[in-house]
Every structure is written in structure tokens, then in C-alpha cells.
Amino acid sequence: MSFQNPVFIPGPTNIPEAIRKAVDMPTIDHRSPLFGEILHPARANVREVLRSQAAEIFFFPSTGTGGWETALTNTLSPGDKVLAARNGMFSHRWIDMCRRHGLEVEVVETAWGEGVPADRFEAILTADKGHAIKAVLATHNETATGVRSDIAAVRRAMDAAKHPALLFVDGVSSIGSMDFRMDDWGIDIAVTGSQKGFMLPAGLAILGFSGKAKKAGEAATLPRTFFDIRDMEKSYAANGYPYTPAVGLLNGLKLATDMLLAEGLDNVFARHHRIAEGVRRAVGAWGLTLCAATPELYSDTVSAIRTPEGFNATDIVSRAAKEYGVAFGTGLGEVAGKVFRIGHLGSLTDVMALSGIAAAEMVMVDLGLPITLGSGVAAAQDFYRHGAPAKKAAA
Amino acid sequence: MSFQNPVFIPGPTNIPEAIRKAVDMPTIDHRSPLFGEILHPARANVREVLRSQAAEIFFFPSTGTGGWETALTNTLSPGDKVLAARNGMFSHRWIDMCRRHGLEVEVVETAWGEGVPADRFEAILTADKGHAIKAVLATHNETATGVRSDIAAVRRAMDAAKHPALLFVDGVSSIGSMDFRMDDWGIDIAVTGSQKGFMLPAGLAILGFSGKAKKAGEAATLPRTFFDIRDMEKSYAANGYPYTPAVGLLNGLKLATDMLLAEGLDNVFARHHRIAEGVRRAVGAWGLTLCAATPELYSDTVSAIRTPEGFNATDIVSRAAKEYGVAFGTGLGEVAGKVFRIGHLGSLTDVMALSGIAAAEMVMVDLGLPITLGSGVAAAQDFYRHGAPAKKAAA
Amino acid sequence: MSFQNPVFIPGPTNIPEAIRKAVDMPTIDHRSPLFGEILHPARANVREVLRSQAAEIFFFPSTGTGGWETALTNTLSPGDKVLAARNGMFSHRWIDMCRRHGLEVEVVETAWGEGVPADRFEAILTADKGHAIKAVLATHNETATGVRSDIAAVRRAMDAAKHPALLFVDGVSSIGSMDFRMDDWGIDIAVTGSQKGFMLPAGLAILGFSGKAKKAGEAATLPRTFFDIRDMEKSYAANGYPYTPAVGLLNGLKLATDMLLAEGLDNVFARHHRIAEGVRRAVGAWGLTLCAATPELYSDTVSAIRTPEGFNATDIVSRAAKEYGVAFGTGLGEVAGKVFRIGHLGSLTDVMALSGIAAAEMVMVDLGLPITLGSGVAAAQDFYRHGAPAKKAAA
Amino acid sequence: MSFQNPVFIPGPTNIPEAIRKAVDMPTIDHRSPLFGEILHPARANVREVLRSQAAEIFFFPSTGTGGWETALTNTLSPGDKVLAARNGMFSHRWIDMCRRHGLEVEVVETAWGEGVPADRFEAILTADKGHAIKAVLATHNETATGVRSDIAAVRRAMDAAKHPALLFVDGVSSIGSMDFRMDDWGIDIAVTGSQKGFMLPAGLAILGFSGKAKKAGEAATLPRTFFDIRDMEKSYAANGYPYTPAVGLLNGLKLATDMLLAEGLDNVFARHHRIAEGVRRAVGAWGLTLCAATPELYSDTVSAIRTPEGFNATDIVSRAAKEYGVAFGTGLGEVAGKVFRIGHLGSLTDVMALSGIAAAEMVMVDLGLPITLGSGVAAAQDFYRHGAPAKKAAA
């Protein structure tokens, strides 16, 4: 197993050296005060990353999927109705989870490549006079399609409809990498995981709960134990945990969020945008298009790239892995075989991105696609490069 | 934060150097064939550690608590009845979880310090002519009290009662450290975690399911998604995972089980027994007694040591941490303040155990207990030492 | 300090994950048998890497410079005469060292960019009827100029002159990366370090001594203690070391040489050649030339690239580091400011090399050089890529 | 290879977690400014550890032995006379090195177990009216015998004799662990290594030079290149190094010295004294004696323990390693077989020390020595334990 090349999957990301070392921690007594010295700063930092003043932050030894389950089971009861758009694999899975837990889902079918349709949400919510809908589910960034939805618009739709439903947002592949505003957007539950913007190994579900979401939990009857936030909350207050915590990951999260906040969230987002835009320039130079329908939907963490009709996009991923030792993402669900994905989130530099673009070019040429070697690289370089010193001085 | 002294908590254990390095793995594409090369050997190894021929092995990014929830939700339906003994904190919590999930629990209250009462189980099961009881829950090793129950006896009780209930065993603090026989004992679900006998950080729930347990799942209606073994099973067959796996931990588990099997399970168990017996000799030399009522209940992974009336056992744990940088376990639940615990599982040597015993002695003398410094150490040394060469030659 | 991008200096190289872990070893007793289990296999492996049957292998906690001093002080006496060519910074330094140690050096001044002039050596040696010259010094690969000399030709020159001088070869930046044949080329002392082809951190001088070289040491009167191979040899025979060894580095060397030999030396050399050739294609596409005068001199571990007259090549290195976080090598000595260097040895992939080429392009364009972005990358890609499957099938 | 137990050799020491991580550093360009950010703080810190205002600090990729050679070759010329006492293996080796380098050594033979005889030095220096003696060599702490000499007394002797010789002190196993005062004691060259008080792996010779020592170098004609401080000094001034530095070790040294200074040198020395005194109490309880002749000679970093006549002390070391996985030091040179050594320097706690004492007891009893198990442990515990809270409150 060689680990020489960076990975270009849309998470888990490449892990910074310092974070790997923070995670790789000898055993401590998690019932000692040391644990609180890791837990509480990590919680405060995550709250800040969510741009929230008062969200209650919870960490479960789990994944984003466990985070969704935490959101649902801590706020809803069997038979409750939720509203969700299906515009990609992850929204699809969340809808499926709702149904398995006995919730009724009003699904707004949406083309894969489109964002959450705020206007249709508004119509549905306005029509729901009896407020049967208890929660609106929105996937901020559809990792399968590289589509970033407008969560502020969803909030506006809810407000326009004067609807009291809770707003749950899957920010798994956006939080820590793209602008995310829990308070401004009136989000009740934000869900993410450790292995994306936080640049850690997988193993933590990370959630922010608004006061309203917590209150909803008092009446919620979906069964829960492992994912019960009440046990978490009580334990946190005593510097503890309801079972054995993943201490190393929490220690890594503390460092990762220290690093993000030290860099400045806006700088972090600008960095992701810059790297992503370089990849998009390359895609343009190749004469290919993104799965995301319009530029305002373009994700800054992952690009799903459509390949020509009749070509199996998955071959790119297989060949890149086998021949060049480079990992890209395959298309999932409805876009399987139609797109391949380049992840560009977390720990990445312009230079690393260029190596991924260069690898993709070689693979596509190998497979007979009409791509000019170096064309995507040149387009990205032109965007990435820092300009002639003379020009800089002039600026 | 100093990591110089070993920990003596009953898990997470001290982590061997090689396992730390295996866990601290750079990111790979978990959708690539590399993942299967980690997953499948780890599953095969765990099956062997469970001494099972055909158990289906599942790994969840979770903990032992999540493992329990997996066991319940994948086999039972709301209103189902289960039988369990409450003889310690962990059996207590498992009973609580059942109730939160809408199960009816027939609780056999048992003194903390006693084992699972197979005879009372037999009586109850015999009386349950209608087979309302769907599952029998047994905690193999009560980490809170240092009591190892006789699971073979529970199986015999079920057989004597000719009862078809499933047998679920919490082996969190026994599997990989003490004799555990999934097939011989007719266990349907074995539950453990990564951070005990497997010497890994916390973060994995590890389960073995018998065919009968899997079959029971077909009719089970407790809601489940994150913990659904059907998704796991389907994904495993495709070298995948239903969501993002904790690859580093799985890689560590592969190595940890390679190491255990290379040493030989019987040797591993003998090693734990030897170290534990040394600790028990020390306890005897101190004039103290174990929480476990009788020698056949003595756990080889943790000793809960009773302190004299009127003395707060938790002071030992606090002082050891603060003054000597040594972590012991406090008493939990009904035995809080009455016992302190020395964990002696996972990665430990005789010499490391002696340092824990020596630390405990200093603390107890500091706190005014009538302990002779060196007395426990001497008793353990006498047991641990390898004998004079002359004697050896004679033997 | 960010460690995201690979380095492109001509050593120390990027370090493979497994080797980092092997070096990062807890303390062992270096006087225990464990040490011999590391030392002896590492010595046997290095002998094989040197392609020698019987060379005595020595490791000093030092660097290549210490290796040179070992070679001189263990074989020569003050006033002894040696023959050497000065064709780069490292041959220059070695000559300087000889003089500091009271040796007389017959220096053959050679253009920087040319190889060791075997013909001139032959003339000088032939003329040395009295065999005043005790040793011939040759730098196999001049790291400063990217020039690989023909050591076999030097041996042929010595043989043609029927001269009994010892042949000392500096293989610091060639051994383990390019073909090196200690026995075939009649080398008496081969010198290298840990941080080049062996992909380790700096800290070890690594030497192979022929029997003839060892015998010469009996009469050598240059003072030596730390670098005395007699102490080493005696200690090795007792599984020991004359002072405290750098155990972690030796453990890493054992693994590194295991890896090289498992890959196969010819495969290792072919890999270095392939990566180097891609870099050279890029240089050609940029319209630039190498410092090395002719293709047979091209080094497969480092390319020194000439920049146009009037341009300060060092600006490329500074700007790459500052703006893009990428490390290249500056020109040294006579070629300072005239060349910049791309190291392509040790742990590197085609894809990593492409990222270095791409970075160099951005920097050169930033600095106003008439380079087309993507041109070098495309030329290298064309060389690196594995061919269309169709073509492969046809072949 | 198991790394579970701490080592009890007199260096290399157990390495703190944070230092291991600092040493295990990815490759950087050692010619970039990053290097200076490591080098210069490390030098400043070491100067402070030496308690010097103006010593010039040098680091060589080498060991303490290389440090001695640096001291000699940078200040002396062939035929120069030096004064030294032989009172253990390391002073013996240093004398041997002097002779190999053509120096004339006036050796003061001293019993192994005694310190440097300042009075005899004074007599010799007083008699040396012509100041033929150019340097006085003193081993501060004889690692072989566990004897700490009085360097202040040596200085007083030199002053009393009004002798201008340089004073070179081997502080390899004292610096960073025991009081060492370069300026107060008028030391001209202080020599140490990375693997003792600095708690790093072996691989660095660390030296402090007074202005007088540097000045002496101008006339010194012993040949030197690798160990030439003039190249070092010049390179340091340019943020560089004369050859490839051991960057990871230097990075670790920066952290190690940060840690020592943050703890406070006096606290560090008190800690070593406390742990050492506990070991000495154990030795007393065993009825054994130290090699060091009198208490004021007792070393706080290593205890050499005499075993009874007719008993081979090396058996203790062999058996401890083989049966218990614990490393002690053997006797060296004149005391081989007569003593075994317990190292108690660097990263160690009271509790770790107790485990070493306990292991030694088991081994000695195994081997038939009349030792009472637990006796040494009890004596050490009595010294180490922190006292009853009641007493503390009263105090």
C-alpha cells in the first residue's frame, strides 16, 4: 500500500501532519479532567465554525449518517411528516432513513444537478396550513453531484410560508469548507462529520442543535439511546461522556478547528473556492461540463464532471487508481457511470490540485477521450499562479 | 499532558506501538479494493477470536453501547420481551436501553458482585411456556464489579428449559482477553468494542451474529438505519461500506487480531490470568477484598477492590491521578465510593502491573489506609517471578 | 510549517510512510541482541544494493561528508597523494577535505557540467610510474550539476594504466537510485548517506569497503577515532557498536533496503529513469537546457536546469518556496544563479513529479520567462502516461 | 519486538511522546528559512541549559564521542599535552582518543568509583610551570560507575595553580539532568549528546565553546573537516549548515529544551535527584552498595550497583531482558561483572522507577541473591510518596 499521492476523493480528505499527530494519542483516562480540556474547547470551536452563538454542539463516535439519525430521532415521532428534496445520493439516503424510522416524507423530486428548490418548498409549506410538516431537510452540498444549494433561500421560503417546521441541514461536505451560517440561516440542526472540512479520519458525527430543536426533543418518541443528545448533554456538564469517547479524534478536532479559526473562516472558504475554481477551469479546457446545472450551484468541495455519452465515467476512476495510484470519486446513484468526481476539500494546495488534474488528463487520454494533455493543467495554472511580481507591484 | 505512566483503567487499554502505527494511517479511498484487503481479513480474524465457525462479523464506527443497540434493533420489535440480570452498571445500562426502545424487560435483580444467575434464568425460562421471551441478555464480564459470569451455564439453563430465545452476550471487556466461545456456548450475538482486548482506541462496535440472529432480523421492526446489519452485509459483499468507514481503526483491528492469533488465544488468556492473579495477590496482601463474591467470578481483565467502610474509594482514583499521574477506575453506580478498580487487560506486562500496584499502595498509605508499603508488590512479584534457574533446571 | 506538497530538492527526499514509522522507534537497549537483529540485516541489504559480494559495510551516525572523511582517514597518511577531478560542488568539497587532512591532491579541473575525465585520469596515472598516487576519488553523481560520471570508465583507465591506487567513489546521490556496481567497477570505497536513495532522514554515513581498502588502513596514519572502521568492525562482530548508534535510522535503513530489494534494483533504477526523463521532456518543452553537457551524463536523480543569461535562477527557488510552498534546489558554487535544480529521487511518483513541473512553470511565468503554461507538464504526461488500452491490446 | 516496558539504561532514555512526534518530521528544505527557525532557537535554548551567557553552541550529526573529537581537534595540535583522570570507561575512552590523535596525556589513575581528583590536578598543574598542559579533561558524570565529579573543584584547582589550560568537560550524562554551570565553573568546552538529558534518539553531538576555546582553535593543527566548528559557525550565520543536517533531531531538540526550560532547570534537577534517591533507598534496602565511593559522588542519572563477590552482575541484565523484558545496564571495563546499572535519567516518573526496582528484585531473587521481594520497592515508595493529606494540611 503506497500513500505517496494525495487523494482526490470528496472526503475523507488528505490529513495534515499535525492533525494526524493529534489524533494518534496515547490512551488517557476519559473520566479524568483531561477529557474536559479536550471536549469543551472542541465544542466551542465547532460552534464558531458553524457561525452560531448558542448552538449546543454534540459529538458522537459515528459518521454523518449517524448524525442524520441523531437529528431525526431526537426531534421527531413515528408518523411525523418531513419535507425533503431528492437531488442526489445523500438526500436520497436521508429520505430513505426517514422512512425506515416511520416518518412520512414529502419528497420533492429534483433533477440530479439541481439545488434544493426553495420555491417549491415555499409552495408546499404555504399549503400546509395545519403544520403537519415538522421538519424540512436540506442537503447543503450534494457530494454526489457537486451541487451547493442555497440554504438561505430555503429559510426565506419557510419564513415566507410562516411555517414553524424545524430546519435540518446536512452540511457534511460543506461545513468547514464553504460558507455556512447556522444562525443567519435559522438552521435548527446542522449535521457534519469529521472527515471532510475538519480534515480528520472518519469516526465522528458532529452536530449543532438550536434551542428550538432541543425543545422539540422533549416530545419526540422515536427510540434512541446511543444517539440520545440528552445523555450527551448531561454527561458533558460533568466533563464526561455517556460511553467511551473517541478521544484521539476529539483531540484532533480541537486542533483542526483551532487551525481553521486561526486561518480565518473567510480565508478558508476563499482557499477552497480558489482551488475549486482552478479545477473548474481545467474542466472547461477539457471541453467537459459539470453535473451542477448552473454556476451558482457549483460546489467548492467537489466537482462532478460529466463525461460524453457512451463513455463509462467509472473507468476513469478505476484506471486512475490502478495505473497512476490516484483516487477520484465515482458517480453514485442516478449519475453512476455518467460522472466522475474530483474532491477538492480539506487539506489541499494549488500544487496538489494540479497533480490531480494532470493525472485525470493522462487517464482520459489513455481511455481515448479527446483531451489535450496539459490543457486543463494550463487553465488551472493560469488561475492559480500568483502573477508576475511587476503586475503585483502595480496592483 | 504527560503520557509516561501506563493507564490502569479497565479500557481503553494501553495501545501497543505497532497498533498505534497501524491506526495512524493516511487517507485511502475506502471505495477502492484496498479497503476490502483490510476489512475481510479483520472480519475473518475476529470470527476466530470469537471461536466461531460461521458467525457474521460486523463493524460499526461506534462503541460497545452502539453494539448493544445493533443487537436489539436488528432482532427485536417493540413490545418484545427480554430477560436480563442486573448485577452491575453495564447490565443496568443495557436494560435501560431495552426499555427506551420499547422492549419489556424481565429483570433479575442480582447483587453487584454476583454473576448472572443461571438457575433463576432457567426457572423463568421454564415458566415461559409461551416463549414470550425473545432474547436473553447476559454481560459476560461486568466491568463495574470485576465479575465474570458463566455463559456456558446460561446456555445450559436455556437448553434445560428448551427455550428458543436468542442469547445476546456483552463481551466488551472479555473478548480477546478471556475465554469466549461463541459457538460452544450457543451465543447468537456477541458484542464488543475496539478499546479493550483488541487494544485499539475507542471507535468500533464489533459484533458476531449467528445465522439464527440474522434470521430473526427479518421480522424485527425496531427502526434502524445506521446500525442496520443488512446494509452492512450487502456492502461487505461488494467490498464496501454503507457509509464512510473508520479505515484506520479497521486496519488496526486487522493487526491486533493478527497479533492475538499469532500469540495464540489460550496464551493470551493465560497472560491475562497471570497478570490478574498477581493483582489479586496484592489485594490479598493489603487485607482487602474484591467486589466479586467468589473466586470463580474473578475477572481477569479488571479487579474492583472494596475499601473499608467509611472510606471513599474514589479518593484513591483522584489522588493517584493528581499526585502520581496514574489512572485507576472509580466505582460506578451502586458501588460508587465503595470500590476502586484496577484494569489489567490488553497491552500490559507483569512489570507494568507492578508499577500500578506500587502506585496504589502509595496512594492508600497517603490516604491513611493501614497498608504496608511494598506488601502488595511483594505478593505479586512472588507470583510473577520466573523462579530460580536451579529450580527450573530441576523441573 | 506546512508539509502538504512534496519536496523536489535533490535530497533529503520525501520519506515513505512506512519508513517514517520504522525510524520513529521507541528506545531499545542497543547493547541487547535486538540491536544485532537490526544491524546485520541492514548491512547485508546494503551490500546487495551496492552489488558487492564481500564489501564490508559500515554505518556512522554522520552524513556523506563524514563518509568521505571515513574513507580518507582509514586508508591514507599525511602527505599521501590522491587524484581527483573538480567538476561540481561536491567534488570540490572533497578535494578541500583532502587538503585539510594534509593530503596532496592532483586536481583535474573539469567544466561544471562535464563528467569525470577518464582519459585524463589514464594519462596521469600512466605517468605516475612511482605510484605516488594512493587513491583516485570520483563523484559518481554530481548533485550540483546533475551529472552522472562513468565510473566503469575510470576503472578502465586505472586498469589501462596498471595503477594500483585505490578507487573511492562518492555515490551519495546515486546509490539506491541509479545503477551502481561496486564489484564490477572495482570500487574500493563506496560512500553514501541515508537521505537520498534510501529515503531516510539525514544522519547516517553508509560505506562499503573492499578488502584492499581495509588492508590499506593498517598502514594509514591519519588520526581517527569516531570514524575508525576498526572499532566498528570489532563492535559489529560482538553485535555492538563503539558508541551509541542511531537505532531508529538503522531500523529505517533495514526497511528501506528491504523495500528496494523487493522492488528489484533494476526496477528501482528504471523508475528513477522514467521519472527523470519526464522532467527532462518538460525542460525541453520549456526551451531550456540542462547543465549536464551531453545526454549520457544526465543524472536520473537530479536535473540542474540552466536559465537564460541575465536571469537569476535562484529567484525561481525563492519564489516557489514563498508563493507555492514548493522546494527546489538552488545552484551551488560556480553555477549559483545560473541553474535551478529539480530533485527526482527517492520516494516519488509520476504524478508527484508532474506537480513539481507544474509549480516550476507557474513560477517561471510569474518571473517573466517565456514559458507556456502546461507545456512541460504535457511533455512529461505524454512520456509518463501508460498508453491507450486499445494500443496496449494491439501490442 | 515489544516496547511495553520503559528502559532503565543510562541513555538513550525513554522518549516523551511529544518529542517523538517532533523528531518524526516530514522532509523540509534545509536550505530554506524554515531551517533557521529550528536551529537558532535550539541553540539559544541549549546555551541556557548550559547556564552560559555567551557560549557558542554547535550541533553535529554525531554522538558524544564525536563531540569529544570536536573538542580536541578544534583546539589542539599534535604533541600537545592534556591532563585527565581515568576513573571509568568514558574517561578511559577519551584518553584513548587523545592518544590516537597524537596528544600526550598525563593520566591520573583513579579508582573506578572515585571522582576526578582535584587535589592531584592542582599539584600537577602547579608543577607545570611551563604550561605544557594545554587542556584539562574532566568527565562530569562517569556513566560507567555512576560517579559525579566536582567540576567546580577542578576549576578551583586550575585557578589555584594559576594555570591557563582549557577546561573540557564531558557532560554527556549530566547536562539537562544535573546541575551544570558552564560559566560559573569556567568550562571552555562542554560536550553532550542528544540521547540523555535531552531525551532524544542518539544522533547529535552538542557542544558549547567558550570564546577562549574558539580562539585556541585558530592555532590548532589537528586535521578536521566534518567536525570543524569554523564551517559550522560560518554556515549558522547564513541560516545554513555545512552539509545535510539532521533536521528532525534538531526540531526535537528545540522542543526538548523548550520543555526543560519551561519546567525550570532546578525543578528538572530536583526531579532527577528525587527519582535517583528512591533508587538508592532501594539499593540500601537490598543490602547492596553503590560503586560510587561516597554520597557526594552519587550520580542522579545512573546508579552502578555492586553485587556480592563471586556473583556475575551481568546475569542480572541478561535475565531481566530475557525473562521480564526490562533493560538495565551492564558493568563496563574494570567493573564488568561487578556492577549492574539502573539508569534514571530523562523521561521517567517515580512510578516508572518503581517498576524498574520491582523488576530488579525479581531477577535478583530468581538468581539466588538474598533479597527480600518488595523491600527495595517499599523503601523507594516511602521516599517517593507524597505524604498523608493530614500532614500536608498541617504543614
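Note that the chains take the letters A, B, C and D in the order they are written out, and that residue 1 is the start of every chain.
The criterion applied here is as follows: contacts are C-beta pairs under 8 Å (C-beta built on N, C-alpha and C of every residue); 3 or more make two chains touch, one makes a residue touch a chain.
Owing to the predicted nature of the structure, the values given are computational and were not obtained by experimental measurement.
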item: Rigid-body rotation angle, chain C and chain B, from Cα fit (steps of 5°); value: 180
item: Label of the chain whose CA centroid is most distant from the centroid of chain C; value: B
item: Chain A and chain D: spacing of chain centres that average the CA atoms, whole Å; value: 54
item: Rounded Å distance between chain B and chain D, as computed from the means of their C-alpha atoms; value: 46
item: Inter-chain centre distance, chain C versus chain D - centres from mean C-alpha coordinates, in Å; value: 35
item: Sequence positions of chain B contacting 2 or more other chains; value: 3, 14, 17, 26
item: Residues of chain A touching chain C in the complex; value: 2-5, 14, 16-17, 323-326, 347-352, 354-355, 358-359, 361-362, 365-368, 372-375, 377-379, 381-382, 384-390
item: Chain A partner contacts - residues on chain D that touch it in the complex; value: 17, 21, 26
item: Chain A residues touching chain B - in the complex, by the definition given at the top; value: 1, 3, 7, 9, 11-15, 20, 23-32, 34, 61-66, 68-69, 78, 96-97, 100-102, 193, 195, 201-203, 222-228, 242-249, 321, 327, 329-330
